[in-house]
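A short worksheet on the structure shown next.
Should a chain be cited, it is by its letter among A, B, C and D, assigned in written order, with residues numbered from 1 in that chain.
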């Protein structure tokens, strides 16, 4: 059964330096509050997995949390690039990072295979695509019945998954709604997991038999952080702060302005600072 | 977009002699009305796929529709065996049938791979199990990253899938609720599909973003057959007729009593006969 | 305290007791279903029960006739598709204890639910393996419940539907299987556990009133007994009451549908 | 009828026209999203739009800023997990038309969205391939929309993010790919289609007022023209009205969130 903890405690208990961690959320439900807590606790040498690193990893990379980033698309959607990610990768600031680059289908399949306890994923992919040349984690596999050659990638096996969801009940059962991405798969592919939520309720009502629910015994810690996905959004709660995504470009482009922003909005804040975003749209 | 048809028309248009067909439903939502229509239309040499053949295939096999049965558990749940299935397999009455036997995990993975357009499914299965010796459609495959040996089975590629669901809307979008089994996978693994439903509504309300829904353009025909899953059940509509499942044993054990029952309840009836079961529990 | 109980009740109660409050169980129909729900209604209220129909954390008020009964879905936390059940939940390694039974078992707890006689020309064609081949290898451990009869407890099973300890010793691991496999066989006469080294099933506890001779004559191989054989504590009045109420509710509900 | 329109509008409108009412489209952000929704709001009301976020049959009233915008889910028939989207829907062969674009394209419609310069030491690191490698091979056909510039339409792309017609001729099939691949490239200057045999991109239609010379000087290889080059019909007033209203609604909505 999931422990219901403070965010500081949940991160302290579950995330160690050097861990392989996925903080997922597909545009929707990105666990920003948790990312800020990881920065405050000064985690280092993380192996950061995310379909799209997004602002959350740009912030963590800029603060020196990362050693490696596994991703398929490294931009700011509809805006441009991720300046801190590029600065670390291209210039080694504040530290060198390595990258492992895949396609969207490959990562989706790798999360699925991780959740399924398989060592690898099979898909019809990467045909004629050059990532195969530069990523040794893409191999061929042959169908034993038809002889068709398919692509294989290693399953994602995580130390920790961190995601945000709409609701948990007091036993730690978690409900996701809307664009659900690979959040469930990430938690099931991980040894430990933290789920921040908008609300903790007595029971998940109404009873929808086929909802996207993770039982409390598959989750390590549940944390109540209203607004915790801002500037991403929570379906049914608040909208994406598109203006902040646009603003990020200017903040992050410059090392100093980035550090000033982090100081003011992360280092000198706590998770309660996110509540204002939940309230704003309520 | 799915055509909304009569059951007779839907079967006539979509199911041919010799087809590979899955009529799925996991205890729940078994498409009995459609099975009866297939018997009435006298289809022959069908390659019948079902996780558990259940009474629906016992009836079709006894009436000579089958050439082959692919399954993992061939009993009457909680009651005993399937007499017509056994008589055909062991004594060739009314015709010889061949069987292909799998485990539950293997068939679940094979449906999944079929829906995913893959030629085969990979799973950690059949270790130390003797079905591998007698079923040539079970092979080994080696993980190209870890060297672990896993099991592979061919994906299920169906000519036709026939399933029952709670609701469709007038565009043929179909909603499944409750125990959903492999119905969605079966439809997506098939070239053609027929979905019988309890109700046809204007729109599927309320809007549940993550419900189990098949868009109308993935379905060939939708047919309104209230009660069409009887003696199986429809979550939210009517309960399983456990007494009939128990009674079936005596009906089916004897060739003559079986034929009498089929004459009375299938050959001299039409799909409207199922409506009484829907009404009974309403 | 009532001492009137059947051997089948003793078997179910012994199996229920072997379950812990933090277990995640993969449940089959029949005796396992009764045992798991008895555990849930007595000493293990938080036990998680999963059925092959995709129903997760189900709390049925009556025992299902089939693994796809509506009661299982209506009382479940969530119901997933069957491919997801096998891929994410069973193969994903999330089940601590699986229950199996069969028509035949050998001394290394390999099970047969496929055929009596040769596969191609069986004397008796059984329903088939169901989920057993993967349940047997994917769950943390396996409990087996079977009625103790000489024709079921045999020297050599006709078909290995699911792997127990194979040929004994470390044979199970040679198949690439890392889970513990059958750790308890609970019958209507006794409780057996595999020997730590040879993995041969060994009687560790006799149910009240059952003699060694009864077990020997009901077993098709020369059954071994542990150095110290315990006597299974008799069912308590509470255990019997809860089990019988569960079965009475079940009977009434399944009769109702007639 | 207004003849005041931008080249970008012409490109979007030409792309929209190429879509049919029974198409199932896999939609990317930017020009493809505008084109697909314009088609839906004009001649193809039943067109099915699928975004990589798992949103199926979505009917957004405003254009999304990202493929995971809330608007897509709120107006979708159903939203599935991302693994399901790629496994059952894209790889399952259910998409008739996919849209792609890129930083670089070559004469066989291979695309680069990964790096300019060598992969290990890029001159410009682009965001990456996204879904392109599998969209390019799994959809029935591919439409490419790009602004027509010499630095984008190049003799040799620096990195093959996604396969077009490979080295031309039957090279695509040699990669085990059975889908048609890029059948149209729609730019702000013209429409190109691959030659039936060589698969080299060939101009089949020039947008109103665009000269051959303009296309030649905007293309990094010696661009070929079809025997008969049509003139793309100018945007109709209705097309422009619907597109501009869509973009105005989008602007207002995204501004609102500020």
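Here is the rule we use: a contact is a pair of C-beta atoms (placed from the backbone, for glycine too) under 8 Å apart; a residue touches a chain by one contact, two chains touch by 3 or more.
Just so you know, these numbers come straight off a predicted model, no measurement behind them.
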| item | value |
| --- | --- |
| Other chains in touch with both chain B and chain D | A |
| Other chains in touch with both chain A and chain C | B |
| Chain centre separation (chain A, chain B; CA means) in Å | 39 |
| Inter-chain centre distance, chain A versus chain D - centres from mean C-alpha coordinates, in Å | 28 |
| Distance from chain D to chain C - Cα centre to Cα centre, in angstrom | 57 |
| Sites on chain B at which at least two other chains make contact | 117-118, 123-124, 148, 178-180, 185, 209-212, 235 |
| For chain D, residues contacting two or more additional chains | 73-74, 79-80, 87, 91 |
| Overall pattern in which the protein chains touch one another (line/ring/star/complete/other) | other |
| Pairs of chains found to touch, sorted by chain label | A-B, A-C, A-D, B-C, B-D |
| Contact set on chain B toward chain A in their complex | 117-120, 122-124, 137, 139-141, 143-146, 148, 150, 152, 154, 176-180, 208-212, 235 |
| Contact footprint of chain A on chain C as seen in their complex | 24, 46, 48, 56-57, 73-74, 76-80, 87-88, 91-94 |
| Chain D contact footprint on chain B (complex, rising order) | 1, 115-118, 173, 185, 188, 209-211, 213, 215, 217-218 |
| Residue ranges of chain D in contact with chain A within the complex | 29-30, 52-55, 65-70, 72-74, 79-83, 85-87, 90-91, 110, 114, 119-120, 122, 125, 127-134, 136-138, 159-163, 166, 172, 175-177, 254, 257-258 |
| Chain B residues touching chain C - in the complex, by the definition given at the top | 26-28, 51, 71-75, 77-78, 81, 86, 89-90, 101, 103-106, 108-109, 111-112, 123-131, 134, 148-149, 178-182, 184-185, 212, 233, 235, 239-243, 245 |
